[in-house]
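Just passing along the structure, written as structure tokens.
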Amino acid sequence: MVNLSVRLGDVELKNPVIPASGTFGYGREYAELYDLDILGSFSWKGTTAAPRLGNPQPRIAETASGMLNAVGLQNPGIDAVIADEVPHIAEIFHGPVIANVGGFSLQEYAENCAKLSDIDQVAILEVNISCPNVHAGGKNFGCDPHAAAEVTRAVKAVTKKPVFMKLTPNVTDIAEIAKACADAGADGLCLINTLLGMRIDLKTKKPLIANRTGGLSGPAVFPVAVRMVWDVYEAVKLPIIGCGGVSSAEDVCEMMLAGASAVEIGAANLRDPYACKKIVEDLPGVCERLGVGRIADLTGAAHG
Amino acid sequence: MVNLSVRLGDVELKNPVIPASGTFGYGREYAELYDLDILGSFSWKGTTAAPRLGNPQPRIAETASGMLNAVGLQNPGIDAVIADEVPHIAEIFHGPVIANVGGFSLQEYAENCAKLSDIDQVAILEVNISCPNVHAGGKNFGCDPHAAAEVTRAVKAVTKKPVFMKLTPNVTDIAEIAKACADAGADGLCLINTLLGMRIDLKTKKPLIANRTGGLSGPAVFPVAVRMVWDVYEAVKLPIIGCGGVSSAEDVCEMMLAGASAVEIGAANLRDPYACKKIVEDLPGVCERLGVGRIADLTGAAHG
Amino acid sequence: MKQSLFTLEHARQLTADTYELVLSGDTSAVTAPGQFVNIQLPGKFLRRPISICNWTEDALLLLVRVVGEGTHDLVRCVPGTELDVLSGLGNGFDLTLGGAHPILLGGGIGIAPLYGLAQRMLEAGITPTVGLGFRSGKDAFYLEEFSKLGCRLLVATEDGSLGTRGFVTDLAKNVPECDYAFVCGPTPMLKAVHGLGQLTGGQFSFEARMGCGFGACMGCSVPTTNGYKRVCKDGPILYKEEIVW
Amino acid sequence: MKQSLFTLEHARQLTADTYELVLSGDTSAVTAPGQFVNIQLPGKFLRRPISICNWTEDALLLLVRVVGEGTHDLVRCVPGTELDVLSGLGNGFDLTLGGAHPILLGGGIGIAPLYGLAQRMLEAGITPTVGLGFRSGKDAFYLEEFSKLGCRLLVATEDGSLGTRGFVTDLAKNVPECDYAFVCGPTPMLKAVHGLGQLTGGQFSFEARMGCGFGACMGCSVPTTNGYKRVCKDGPILYKEEIVW
């Protein structure tokens, strides 16, 4: 019997499998397909203060072993999420939930996190800093260590919940950003968000994504994600949620070997709605083949 | 009849198809397979001052729609290249050659470029700045705008040949690096080099690449490359050689629409040794389908 | 929605770029004409959404126009090929809302979902008029199939090589008594039909690039007068009064 | 080297994880035993290098051990499947250098290239002794095939369930008169054989992860006493005196 349980700081998960933000909505669509209680957790759709309509169509393009999305954080806004989604989540899932939070100013991040702090089922606040800072000419918070640290501090000041900063891969040195977040008090890190990418329609000679660029995810980015998880594991002592291109139980193990304590699965759910269920089912067998009795022992085992 | 000729500054190429550095050696292996004179140009293997043995085995790993390599700039050194390869190239290829140059110090870059300046067939010096600076604790020249500018100036000071700086994608803002190179006098840019990636062997629980990380290339990176070419095209007025994941005539056109004047093809040659030949053969048909009479008109046509 | 394996039974070429496919498998998730399936293809990351042209208990009929690599590979599958299919996606047409004599308007490959719709209308005692538009006579398909159902069939081609010269809007104008339309086709056609003064109501089938096809990613959302709707889950059928261009 | 399509004619399972494949196609680029082919597989970016076990004018014999997805997919191809193959890669064995009574030592799937080598040696009037090593009796294969060639065959298994208990080095030590070896197998085996005092010379087939397989990328380079050599082009056969561990 393989022990699949893992810890993210003080939060215990029955297994390391977590559907990633933006690919699992607030759980509704998948709850019609399988019992969500098999999951370690799930990370809900990035939620902002105001409702957001997102970007114009088209928002999706295909790439080799991956996809671009420019959904643009479409979500009903934090108050609607607390009013309508949180009670529904309590019905369809009984484990710890990861609340993904977006924001366009320090204040918005802090307010959103404050509002979520009293919700019992929210076990972790996952702060997506791949958002443009409206007060700094749209510069992405996650691309600058100072801005990343500021968001971390702003959020930590208003909540007792564990705060995991979700890092963007579109940086020269992700370990530097990770360290800045760690020094500012983050309880953990989640990486990677999507890589900036673009496709052009040969017929119209215009970008395929109306918003011009989109976020690249899927198996194509897996080696980049593994490398960044490795780098961050070497740089900071915080628990890491590994994410990016994971689509099999083997990938989960590889991500953990690189340093992840748990693993998020994004685009794979869109291609195969049962992806996470299959991964949960496959994990014990893969661990047995690898001679691993406690999956948590894989975390960082490729280092040193 | 589609006109396939393109210009890289003052250098005219019969078509935009250029095998990328490190995937075409010095032309020998491919010359046994097809007539290299069908190519616009080719970029030879990154050449350093001293002969380099490269990294330990394994140096190669597979990824979804791509590969990692950590060859480590194995090459016979610039003097041997000038003595043995340059005369041989003159026999197998009669067009303009792009000389890819590596270096681990400003001085090395400058000396290498100086040595190549008198070779008639070398039409462009392609300066690979994805190399660690031994005088700056191994920091990568290409990750810092000042260092990138310094290399540009050092090289421009010693040669009258057009200098194309080859940029690394592992940066927060590639347009910033491009601008620094442009301001320092670069005649053109080539992008992208490989993305830093990593795979871990589940059986040995160690990185698959002996050097730990490798450079990711192949179709997986295509959307990232297109996005960066777009960004750089908007930022500087220099000719751009687009590179990264190109594997079909359609991809060549897409890269040109993003802003490339010519296109390099790397990993695709390894998977299919005739890849560049096929692309050259397919280009006229693809242009006709797109209603393009002069392929050079595609450059940047998706902008504005 | 259901994920299951379907087996390609046959593929028949209808025009230069259009094919008819029959897939056998469990169609229990299909509940209404106008729904679609989302098909996984080897080597493609995203699935390909295709309307259900018609269905029986154990088979799907699809009409596919080759526009890119995915559709190219799909129509070239050999009989016996197994395909991973999400079936019964989307809301589908509500055939009870169109009155006794609605008009069904389809352009090009957009005629596909109208076929199953027409058949079910006839079964329910509704007698639709069907107007189909093509670029030219050589692009036309499924005329006999629609005729055999026993519905009134009008055809328009842009070059006039078959039927009326013009668009499906011209066909609709010739039957001004039809004031409710079921529509599927390219966006400009949807828009033109939507603008027809004679219509008091209608159901329009939309397309969008999809990430998932089952409502999870917001990749396909479009604005409507009822807020944003997901083409894949809240659509692909949108109602005349809620459509925003 | 030649790029061409080969057709899988048959696949036969030899052990739990080992298969014999016959591919028909143009083998004109194959010039010596010990060369290899590099096979493109759908959905895999890199080709898979496989030794040529034997060949005729229009067919290749391959022995494949399933270790990952690529080899898994390869052995499961149905007869008739066309494969894009680079054939005739690498230097191959030079059978003229081993004297009249060389020893051929193979471990596991490494026995593959020794089969064609043995046959060609016998045709050339050379009588090799063949020593094959396996983990256990149930992993052994191609014993009859080697026997039928008419060469002296010795077998070792690690667990002693078949032939001598031990390794191919133990087999070699039993024929001390053989002082030239042709060797293929896992690296530890190559190293052990390389260290055998009785050998005055030998040819060793190496493996390396490959980017191209035809000498262009330097992905497979290994140090030798003659400088770096590309396993794919200057090898896969390296000579005893040049090998550096």
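Letters A, B, C and D mark the chains as written, and numbering starts fresh at 1 in each.
Basically, a contact is a pair of C-beta atoms (placed from the backbone, for glycine too) under 8 Å apart; a residue touches a chain by one contact, two chains touch by 3 or more.
Everything quoted here is computed from the prediction, not taken from an experiment.
Peer 1: Which chains are shared contacts of chain C and chain D?
Peer 2: Both-contact set = empty.
Peer 1: So which chain is farthest from chain C, going by the mean of the CA atoms in each chain?
Peer 2: D
Peer 1: Compute the distance, rounded to whole Å, between the mean C-alpha positions of chain B and chain D.
Peer 2: 36
Peer 1: As a quick test, compute the distance in whole Å between the mean CA positions of chain A and chain B.
Peer 2: 34
Peer 1: As a quick test, compute the distance in whole Å between the mean CA positions of chain A and chain D.
Peer 2: 46
Peer 1: Mark out which residues of chain B touch at least two other chains, giving numbers and ranges.
Peer 2: Residues 61, 63-66, 218-219.
Peer 1: Hey, how would you classify the chain contact layout here, line, ring, star, complete or other?
Peer 2: ring
Peer 1: So which chains end up touching which?
Peer 2: The complete list of chain pairs in contact reads A-B, A-C, B-D, C-D.
Peer 1: State the interface residues of chain C toward chain D in the complex, per the touch definition above.
Peer 2: 42-43
Peer 1: State the interface residues of chain B toward chain A in the complex, per the touch definition above.
Peer 2: Chain B residues touching chain A: 61, 63-66, 68, 143, 170-173, 195-200, 202-203, 205-207, 212-214, 216, 218-224, 226-227, 230, 245, 250, 253-254, 257-258, 290, 301-302.
Peer 1: If you look only at chain B, which of its residues touch chain D in the complex?
Peer 2: For chain B paired with chain D, touching residues are 22-25, 28-30, 32-33, 45, 53-54, 57-67, 69, 71, 74, 218-219, 267, 269-274.
Peer 1: Within their complex, state which residues of chain D touch chain B.
Peer 2: Residues in contact with chain B: 1, 3, 40, 44-47, 84, 86, 208-212, 214-223, 228, 233.
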